[in-house]
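Both complexes below contain subunit A, partnered by subunit B and then by subunit C.
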Partner chain A sequence: MATAGSAGRLGWLAAPTSLVLLLAFVTPMALILRYSANEFVPGELMRDALTPANYARFFTEPFFQRLFVTTLLVSFASAALALLAGLPTAFALRRLSARWRSLLITLLLFPLLVVTVVRAAGWVAIFGDRGVLNSALTALGIVSEPLTFLYTPAALVVAMGSALLPYTVLSIDSVLQSVPQNLEEAAMDLGAPPYAAFWHVTLPLILPGIVTGFVVSFILSMDAYATPLLIGGTNVRMMSPMIYVQVSELQNWPFASAISVVLITTSILISGFLTVSLNRRKWLAGQA
Partner chain B sequence: MARRASIDGVRLATLCTAALAYVVMLAPIVAVVWLSFFDSDIIAVPPEGYSLASYEKLLGSSEFVDGLRLSVVVAVSATAIAVILGTLASIGIVRGRFPGRDWLATFFLMPLTVPGVVLGLAIYIFFFKVGAALGFRVVGTATALVLAHVVLTLPWTIRFTSVGLAAIDRNLEDAAMTLGARPLGTFLHVTLPLMRPSLVAASIFAFLTSYNALEISLFLVGPGRTTIPIVLLQRIAWNFDPTVAAMATVQVAISAVALLALTRVVGADRIFGTQR
Partner chain C sequence: MKTRSLFGALLSTALALAGGPAAAQDSSRLTVANVGGTYNEVVQKSIVAPLQSGGKLSITTDVGTHAVRLTKLVTERGQPGTYDVVQFPDYFMHQANAYGLMQNLDQSRIKRWGDVVPAFRRAYAVPHIFSAAVLVYDPARVQEEPASYAVFWDPKYKGRVGALDFMYPQWLWMASTQAGNTSNRDFDKGWEKLAALKQAGLRVFPTQEALDSAIKSGQVWLTMNYRARAAQLEKAGIKIRTVVPKEGAYPVSFSFGIPKNARNKEGAYAYLNQILAPAAQKAAAERIYYAPVVSDAQVSEEIERTIGFTPEEVKRFIDVDFEYVAKSSPAWRQRWEEQVK
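And now, the complex of A and B:
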C-alpha cells in the first residue's frame, strides 16, 4: 500500500547522517589505524610505512609498560570503588517515596552533567596542600603538617570513583526496580540469614545491572583525561593524557595513533571478557 | 532478636554508605562554588574573607569572555545541525523499512564508544589532511570545532528523537492521512508537535554536550580561539585561583539550569533511560 511505499523511501532520511559520520568519524578512525603503522621521523611528521615498531615500543619500553599497567589498575580500582559505594546507594533509593526518589535521582544526574574539569578542580581544592581536607585535619588536631594527597593513586581513585558513582547507581537501580522487595523478605521469613537472602535471591537478579555498571565505569576510567591530568599529575599517568602529550609536545602522530588503538582494543577486550565471565556468575549464584 | 538486630545493622550501613556516596559525588562541586567566593588571590582554606571580587575579575577577563563567546557559538551551531540531522536519521531508522536498519542504528551510536581524546586526535589528523589536500586551513577554525561537535552530539540527538518518535501512536498519523493530509503535512502538523518534548530534550542535551566538550576540542583549538572547558583546564593546572573557581561555577550553573529543564521535559528517571 501507500504506507509500505513511503516507508521504503523514508529510510533515505538516514542518509545525510550516515554520510556525515562516514566522512567525519569512520574515515578519521581509519586514518588513525593506518598511521599507527607509520614511521616517526623527528622533524618531518611521519614517513609512510607498515611497521609494528610503535606497538613494539609501547609494550617494551618500561615507561610505557608502567603507563599501561597504571591505566588498567586505576580503572579497575575506580570502577570497584564506584560499585562498592553504588550498590548500597541503589538499595537505599529503592525504599524511598516517589518524591524523595526523584529528588535524589536528580542530584545523582547533576554531577554527570557538570563537566569533568570542574569536578576535578573541586578535588584539587579538597586534596591540595592548603585544601579543605588538610585544613580540616589540622583544625581537628589530627595532623600538624599538611599531608600530601594530590598526585597520589589513592586521590585519583577517589576522584574517578566519585565521578563514576552515578553510572553504577543508575544501572543497578534500573534492574532493582523490577525485583519485588518482598522476594528477599520471603527468603528471610523462610529462615535465610540476610546475607544469604541477598546472595542467593537478589544478587542473581540484579547481576546484569551490576555488570553493566562496572563495565561502563571501567571503560569510562580507561578513557579519562581531565581527572588523571589534574589529580594524578606526573606521578600517576594514564593513557589518554599521554596521547595528547605525544601529539602536542612531540608531534609523534604514529605513536599517538598506536596508543589510541591499544586503548580502544584493550577497553573492548576487557569489557567483553568482563561481561561474559561476570554474567556467568549469575548461573553459579542461582545453582549454589 | 539477633536477626532483627543484624537486619537493622545492614540497613544502617546501607544508609550510611549511601549518604557518604552523595557527599563524595557532590563535594567537589560544592567546593568549587565555595572557593569562588574567597576574597584572596590564592586558594587557601580557611579563607581570609568572602567577596564577589572573583566574579568582577571574571567579567573583565578577555580569556573568559572570548572563550564563552566561542563556546556558545560552537554549541548553538552544533546543536542546530545535530538536531536536524538526528531527527531525519531517527525517522529513517524508526519508520523506514530497509535491510540493515538495526546495524545502522547501532552505527549511529558508535561515536559514543570512542575515547574523547582518540576521537579528537582522529578528527584533527583528518582535518589536517583535508586542509593540506585542498590548500586551506581547517584545523583551528570554528567550522572544524562545530563539525567535530556534531559527530559528538549526533548519537545523543538520535537517541532522544528516536525514543520520542517510537512512542508516538501511529493511529494519529493514519487518521490525519485518512482525512486527506499529505505525508509532509501529517509530519509537520501531527508528528512534529508530538515529538516536541524529545526535540527539546535533544537540543538541551546536545547543547550541554558540546558546551562541556573538552577532549575532542583539545587539538582543534588555537591561540586566541579556545573554548571554556579548555581555558579552565589550563588555568587549573597552572594558576588555580578564585577567579578560576568562579569560571567553573558558571559552568555548574549552566549545567544546573539544563538539568532542571531536562527533568521538566522528560522527567529525571528518563534522562538516561533508567526507567522505561
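And now, the complex of A and C:
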C-alpha cells in the first residue's frame, strides 16, 4: 500500500503529461482567451484591447445566434441518437459469447479506423442527389425525382450519430460488465416485470456509463469540423467550421477566439451540469 | 508583451524548432505559395522545373487557397517571412498590397516587362495569366443562349444555379447589375438580389472541383465562372457553353509578387522572370486555357479561339476598381457568409 510520502514521490510520474498539457493546452487556451478581447483591424490581424465587443457580436447578431443554437441542437441530437442506438447494442454485447463479443467490438471500432473525411465522403455517396439512397428510392418507384438528403440537419445527425456509436456502446458496456446479471433476475423473481427490473435496478447502476457516453459524444459533436462541412454544407452550419472561416479566410482572430471560448465554455458547462446531476442523484439515492 | 508580439515569438520559435523555412534560408532555397490543382501542375512543369534544372535553386511550393495564403502573410507581418514569392488573383493581390504586405518591384529586373499587355501591369506584381468571369450554362438544359445574367433569377432554373464561394465579389457585382448598377462601384446594391437568389435555391460550392462535379452530374445548369475553367471542363467532355451577357464580364488576372518580408529576393526575381517566358505562357494556355499576358506568346489559333475574348467582349469587361474591391472585401465576405452561403 502506498504511503503519503511514496504518493508524493510518485506524483512526479505525472510531470511529463502535465508539461505537455501546459504547453499544448493551457498556454494556447490562455492566448485564445486573451485574443478574444482584442480588436480586429483588417490587414493587421488584431490590435491589443480589452473589449467585450466580440462576445456581444456573437450573442446579438441573428446569424451567430442561429449558429450557436444549431450547434447545440445538432450535438444533442447526434449524442442522443448514438445513445439510443448504443444502449441496446451494449445489452446485446453482454449476452454474447466471448468470441462473438470481441468480433462485434472489432466491427464497432472499425469506423474509428477510417479517417473522418473518408467516412463523411461515404455518407455523401449515400445521401447525394444521385447517391445510393436516391437511386434505391427511384428504382423502387417510390419517388420520381431525387429527394434532398444531403445538407439537411437529419443527414448531419445520422452521419455524426453513427460515428459516435462506438463511444456510447463502449462507455455503457464497461459499466454493464460490472453489474451482475442476477440482480435483474432477482428483481424479476421477486415479481418485477422486465421493464421495471430494468428501470429500477439496471438503469440506475449503468447511468454513469450512459452519462459518460453521452457527454463524450456531445463534446465530440460540438467540436466536429469535417462532417458538418461535408454533410451540413452551407445549409446546416456549426461553430467549428465557422472558427476556421474567421481565422483563415476573414483573418478575424479576435472574433474566432471569442467563438472558440464560447464553444469550449458551453461544452464544459453542459458536461459539468450532466456530471454534477449524476453525482447529486447518486448522493440522493444514498440518503434515501 | 503585446499579445501579437507574444504570438509572433511563439510562431518564430515553433518554426525554428521545426527546422522549417523560417529557420535558416539561404539564397539557393525559394519558397513559393500558389493555388493547387492543375494550375500548380502547370507552374511546376513550366516555371519550377526549368528554374531547378540548373541545380542552383531549390523551390518549395506551398499549395493552398487564396484567402488562407493572405492570412499567412498577415500573420507573419513584421516577422521574417515564410514566402519569397506569392501568387494571387488580382483582387487579392491588390488587397495584400493595400495591407502593405507586398513590395514594389524593380521593373528593370524583369526582362520581358515591356512585352506585358499594359492593362495587366502592376507596380507590385508580375501577371501570369488572365481570363474573365462569364456566364456558363448547360446547353442541354438551357436551350436558348442567355442574353443577360437575369436568367439566374428565372423560375425555370430554380435550384439549378451554382456559385463558387471565392467568387463572391463577381457575384455581388453581377447581382448589382440586376438592381440597376452600371458603375464599377456600388456593388452593395446587389445584396437583395443575391438574397432572393439564395431563397430560390442558389448553391454555393467551396471549390472549383465541387462545382465541376455538380455541373457534370446535372445538379447545376447555370453558373458564373472563368472562361478558362469552362474550357477545361469542355475539354474533359462536359458539354457547357459560355457567353458574355449584355451586362459584361468580370476580368481576372493571376499574378506573382514578392512579399516585403521575403528572404530570398534574388531568387524571387529569377522566378518572376520565368513566369513571362514564352514557354511558360504557352504551357498555361494549352494546359489550363488561361490567356497569355504577353503580346508574343505563340499559342495556336484554335486555343486562342477557345480561351480568348473578341474585341467586342473585351469592351464589355468591367473596369475593376481594385481599391474599392479590396476595401470592401472583408465586409462583403462576412455578409456573403451570413446571407448567401
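Points to keep in mind about this one:
We adopt the following convention: the second predicted complex is superposed on the first by the 251 of 288 C-alpha atoms of A that agree within 3 Å, B and C clash if a C-alpha of one lies under 4 Å from a C-alpha of the other, contacts with A are read in each partner's own complex, and residues count from 1 in each chain.
Following the convention adopted for this analysis, contacts are C-beta pairs under 8 Å (C-beta built on N, C-alpha and C of every residue); 3 or more make two chains touch, one makes a residue touch a chain.
This is a predicted model, so every value here is computed, not measured.
In the superposition on chain A, contact of A:R130 is made with both subunit B and subunit C. In the superposition on chain A, A:G141 makes contact with neither subunit B nor subunit C. When the two complexes are overlaid on their common chain A, residue A:Y35 makes contact with subunit B and with subunit C alike. With both complexes placed on chain A, subunit A has more residues touched by B than by the other of subunit B and subunit C.
Of the two partner chains placed by superposition, only subunit C is touched by A:T234; subunit B is not. Applying the stated contact rule after C-alpha superposition, one finds that A:Q251 touches subunit C and leaves subunit B untouched.
With both structures placed on the common chain, the touch criterion links A:G43 to subunit C but leaves subunit B unconnected. Where the contact sets of subunit A with subunit B and with subunit C meet, they give residues 31, 35, 130, 229, 247-248.
Those residues of subunit A whose C-beta lies close enough to touch subunit C in the complex are 31, 34-35, 38, 42-48, 61, 63, 129-130, 229, 234, 237, 242, 245, 247-251.
The touching residues of subunit B, when paired with subunit A in their complex, are 3, 6-7, 10, 13-15, 17-18, 20-22, 24-32, 35, 42-46, 85-86, 88-89, 91-93, 95-98, 101, 104, 107-108, 110-111, 113-119, 121-126, 129, 147-148, 150-151, 154, 158, 183, 208, 212, 214-215, 218-219, 229, 232-233, 236-237, 240, 244-245, 248, 251-252, 255-256, 258-259, 263, 267-269, 271-275.
By the touch rule above, subunit A contacts subunit B in their complex via residues 4, 6-18, 20-21, 24-25, 27-29, 31-32, 35, 85-86, 88-89, 91-93, 102, 104-126, 128, 130-132, 134-135, 158-159, 161-162, 165-166, 169-171, 173-174, 177, 188, 193-194, 219, 222-223, 225-226, 229-230, 240-241, 243-244, 247-248, 253, 256-257, 260, 263-264, 267.
Residue ranges of subunit C in contact with subunit A, taken from their complex: 2-4, 6-7, 10, 65, 67-68, 70-71, 74-75, 77, 95, 98-101, 203-204, 206, 217, 219, 330, 333-334, 337-339, 341.
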